[in-house]
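Multiple structures follow.
In the two complexes that follow, subunit A is the common piece, with subunit B as its partner first and subunit C second.
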Partner chain A sequence: MTNAVLTGLVLGGMYALIAMGLTLQYGVARIMNLSYGEFLIGAAFASYWLFTGWALNPLAGLAFVIPVSFGISYLLYRVLLTPLVRRARTRDALEVDSILATFGMMFIVQGIMLTMFGGAYFSYSFLAVPVTVVGEVLALNRLIAFGLAVVVGLALYLTLTRTRIGTSIRAVAVDPIAAQLVAIDVTRTSALAFALGGALVASAGVLISMFLTFSATSGVVFTMKALIVVVMGGVGNLLGCLVAGLALGLSEALVATFIDPGLTLAVNFALFLGVLLVKPAGIFGRAQR
Partner chain B sequence: MLEVSNISVTYGQHHALSDAALHVERGEIIVILGANGAGKSSLLKAIAGLLPSPAKIVKLAGRDLSRLPPHEIVESGLALVPEGRGVFGELTVAENLLLGANPKRARAVEAAQRAKVMTLFPRLGERLAQTVRTMSGGEQQMVAIGRALMSNPDILLLDEPSLGLSPLLVRELFAALRKVRETGVGLLLVEQNARESLAIADRGYLIENGKITGSGIAAALQSDDAVRRAYLGGLASEAI
Partner chain C sequence: MSRTQMTTGAICLAAVVALAFVPMIVDAYHLALAISLLQFTVLATAWGMFSGPTRYVSLATTAFFGVGAYTVAVLGEQLPWSLVLLIAAVIGAVMAVIVGLSTLRLSGVHFVIFTFGLAELVRQIVVWYEVNKTRVLGRYVFVDITQNDIYWQLLALAVIVFGAGWLIARSRFGFALRIIGEDETVARHCGINVTIAKVALFTITATFMTLVGAVMAPRFTYIEPSIAFNATISFEVVIMALLGGAHRLWGPALGAIPLTLLFDFLSARFPSTSTLIMGVVFLLIVYALPSGVVGLWERLKTWRPTASKMRGAQA
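Right, the complex of A and B next:
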């Protein structure tokens, strides 16, 4: 029981972190990024490559992966997505366009990774040392991944609520028209939020690669789970990401332990539908627009 | 101080505004009077850059703002309090004011501006941690004006600030606007409440069917028969 809860918390912490990035991209920049999970896998491969090829500790690799992924996402928004933002007359139109564009991007990124690494599953052994937590044995890498996810999530929360630039990002999410009236450059701030989301999912990719196996095609699972968590928690709500992410992780681990590991996806969607039936705008979402 | 001309706004085939021109000086309250749909809001939005008006000329203290995007117009000293207030409802009063001081021109004087806003609207000081969405209409209007003042503007544009407020609150609000004028800010006010707004204004413009049809000093407009019939008498009968 305790082991299932611990596994669930670690997994849920990862889901929450992944979802926070997506909620930044979707809630602020209004880009529904279907290639989101591909960037997670990309970062996982980068971490694998740095570890096996250069013997670089994945935690040190973060210092390299985070800025690079931030830069790539920023350029992606500026070069590929800004034209869509410019021509979109409404937010809804932008959503449709961005879904189509990022759906295409998903295949491109996936194709590149398939060519480079093939379709096999990858993993590497880093800090796979057993440690005892509240009487249960857990791998150290999972524990560290969870701890870092907490640190990153907290840092993001404090940045968004305590700084001027963070408050500007939230202002764009709340009302992009009014944001212009307080001298916020909405396009620039959206690019920043999109890039921040990219950096978050990349850091999650590195952390996950430390204890899960992954392949060039497993990104879509993470995109889907991030989407479920974001919608379940309420779009644009960080606390919602945390609660929904943990709920998802816990339910998966409990079902896998006590019923059947094959049912994890089923319980994902059962939870998702259950929440939406009771609260259509998500746990912390407000019905608006 | 602020000089605008050639402002035209079209919605599809409909000309909401054609060739409007006006000027506002430092420490002046200017009111634009007109019926619903006369083009008043379009005028302010076009000046602030929120609506396209390709041939417009906007000059503030000699500087050309005609081609700037909205966020740079605020940066140059022109702040708009839009119709419906445009506050960030999900954020707190303190956060709204913090965002108001976002322009670079406002950073150096942020503390002083905040003190001014707090003296002007003491109620905001008591409610800094409150989420704006949960406040009354009058309080939200204070947040909107306070936020605009935080940007340290030379000219403040206000779109129907009295809309939906009780007569008592309207009087309070207009008293506050008078104090803002004393600090040297120029105010351009769009209003349907002709009686109250002419009482505090220095000059006024009349706008009808998308055209500016008249202008004059406020006292003259108040006693003008046509204005009385169109805006003052009409308003009194509407109120009954």
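Right, the complex of A and C next:
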């Protein structure tokens, strides 16, 4: 039981971290990114490549992966997605366009990874040493990943609530048109939020690659879980991400331990529908936007 | 009925009759190609029938396709063929009603997320059931259905889909759907029950997709969840319907034909990079042809007269 809860908490922390990036991309930049999980897997592959090819510690690899993914995401938004934002007349139109564009992007990124690495599963062994926490044995790499997820999440929260740029990001999330009235450059702020989301998902990808096996096609599942967490917690809400992510991780671990590991997705969807039937805007969502 | 409508009807009838004779003329390879063409025409048209007027992007085509195929794999040997098809259609419809009722009352995003995961969810449940209860994973489809039968059944399905689409577009139901697509709030104020209309349309089109899966199942011979619930089908159907233009009934078919041929060529010539190329084609369509070939054609048609008028005004 304790083991299931601990595994669930670690998993939930990862889900929360993954979802925080998506909530920035969807809540602020208004891009519903269906290729999100592909970027996670891309970072996992980068970390794998750095570790096996250059013997670079994944934690040190973060220093390389995060800026690169930030830059890629920024360019992606500026080059590919800004035309869609300009073209869209309403928010719904942008939603449909961004869904379609990122759906195509998902296959492109997946195709690149398939061409480079093939369809096999990859993993590497880093800090796979057992440690004992409250009487239960856990792998050290999971604990470190969880600890770093907490640090990154906290840093993001403080940036968003305590700094000027964070405040303008939150202003765009609330109302992109009114934000212009107080001299916020909405396009630039959106691009920044999108890139920040890309950097977050890349760091999550590196952390996850330390303890999970992954393949070129396993990004879809992460996209789905991130979307579920974001919508369940309320779009654009970091605290919602945390609560919903932990709920998802815990329920998954409990079901996998006590019922059947093959039913985790069913639990995700059941939880998702259950929350939405009671609160359609999510746990911390505002009723009408 | 006006004269042009009668001519159109006559041409369509002649085309269907001509298509019905195709299996007698062509060889096995071209028959297989014709089957793929019809399969994607029906799938893309059904997709466009729902997503065109309502503007909800459904990514769940393969979930319904797979349910149809799997129903045949499980029941195909025990029951007569027509009964199997009927059961497949009922299962597909029930699933669509459940999905529709739980997500279509909410905003479009919930629907997209749910359909995005639906195929994976159904696949996981099927695997779980097969592993734990029946203890078989992967089934052989031994039914007495030839390639010619598959072709004719798909052709019949195509006729029914187009007939249904035509009837819906002319009915009060179709009018209500167009209003919903333009503005859902207005539709509600007109007294349209938005949820029932959307769920009904989703169910009708999903039933067609399930039937395509059921009809195509004998062609696989061997079915396992990862074959039946192949995500590429959802992707291909969306891109075909978009290329053609989902807001017209015959638009998706225009996209299905060239892209089926293209994908067939790609998977034969560049098997390792086909996913990448398909993704690029998809992006090109989204950026360059947002309303499809049909939309482009309609823009050109309306653009020409104004251009000549301008010239007239200058002179």
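By our rule, the second predicted complex is superposed on the first by the 289 of 289 C-alpha atoms of A that agree within 3 Å, B and C clash if a C-alpha of one lies under 4 Å from a C-alpha of the other, contacts with A are read in each partner's own complex, and residues count from 1 in each chain.
Basically, a contact is a pair of C-beta atoms (placed from the backbone, for glycine too) under 8 Å apart; a residue touches a chain by one contact, two chains touch by 3 or more.
Remember, predicted model here, so these are calculated numbers, not experimental data.
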{"item": "Subunit B versus subunit C as contact partner of A:I184, first or second or both or neither", "value": "first"}
{"item": "Touching partner for A:L212 - first (subunit B), second (subunit C), both, neither", "value": "neither"}
{"item": "Partner chain(s) touched by A:L127 [first = subunit B, second = subunit C, both, neither]", "value": "neither"}
{"item": "First, second, both or neither for A:D175, with subunit B first and subunit C second", "value": "first"}
{"item": "Partner chain in contact with A:L273 - subunit B first, subunit C second, else both or neither", "value": "second"}
{"item": "Subunit B versus subunit C as contact partner of A:G111, first or second or both or neither", "value": "second"}
{"item": "Chain touching more of subunit A, residue-wise (subunit B, subunit C)", "value": "C"}
{"item": "Partner chain(s) touched by A:M224 [first = subunit B, second = subunit C, both, neither]", "value": "second"}
{"item": "First, second, both or neither for A:L254, with subunit B first and subunit C second", "value": "neither"}
{"item": "Touched partner set for A:I99, first subunit B, second subunit C, both or neither", "value": "second"}
{"item": "Partner subunit A, residues of subunit C touching it in the complex", "value": "55, 57, 59, 102, 106-110, 112-114, 116-117, 120-121, 124-125, 127-128, 131-132, 231, 235, 238-239, 242, 272-280, 282-283, 286-287, 290"}
{"item": "Interface residues, subunit A side, partner subunit B - complex", "value": "164, 167-168, 170-171, 174-175, 177-186"}
{"item": "Sites on subunit A touched by subunit C in the complex", "value": "32, 34, 80, 83, 87, 92, 95-97, 99-101, 103-112, 114-115, 220-221, 223-224, 227-228, 231, 260, 262-266, 268-269, 272-273, 276-277, 280"}
{"item": "List of subunit B residues in touch with subunit A within their complex", "value": "48-50, 69-72, 74-75, 79-80, 82, 86-91, 95, 98-100, 102-103, 147-148, 151"}
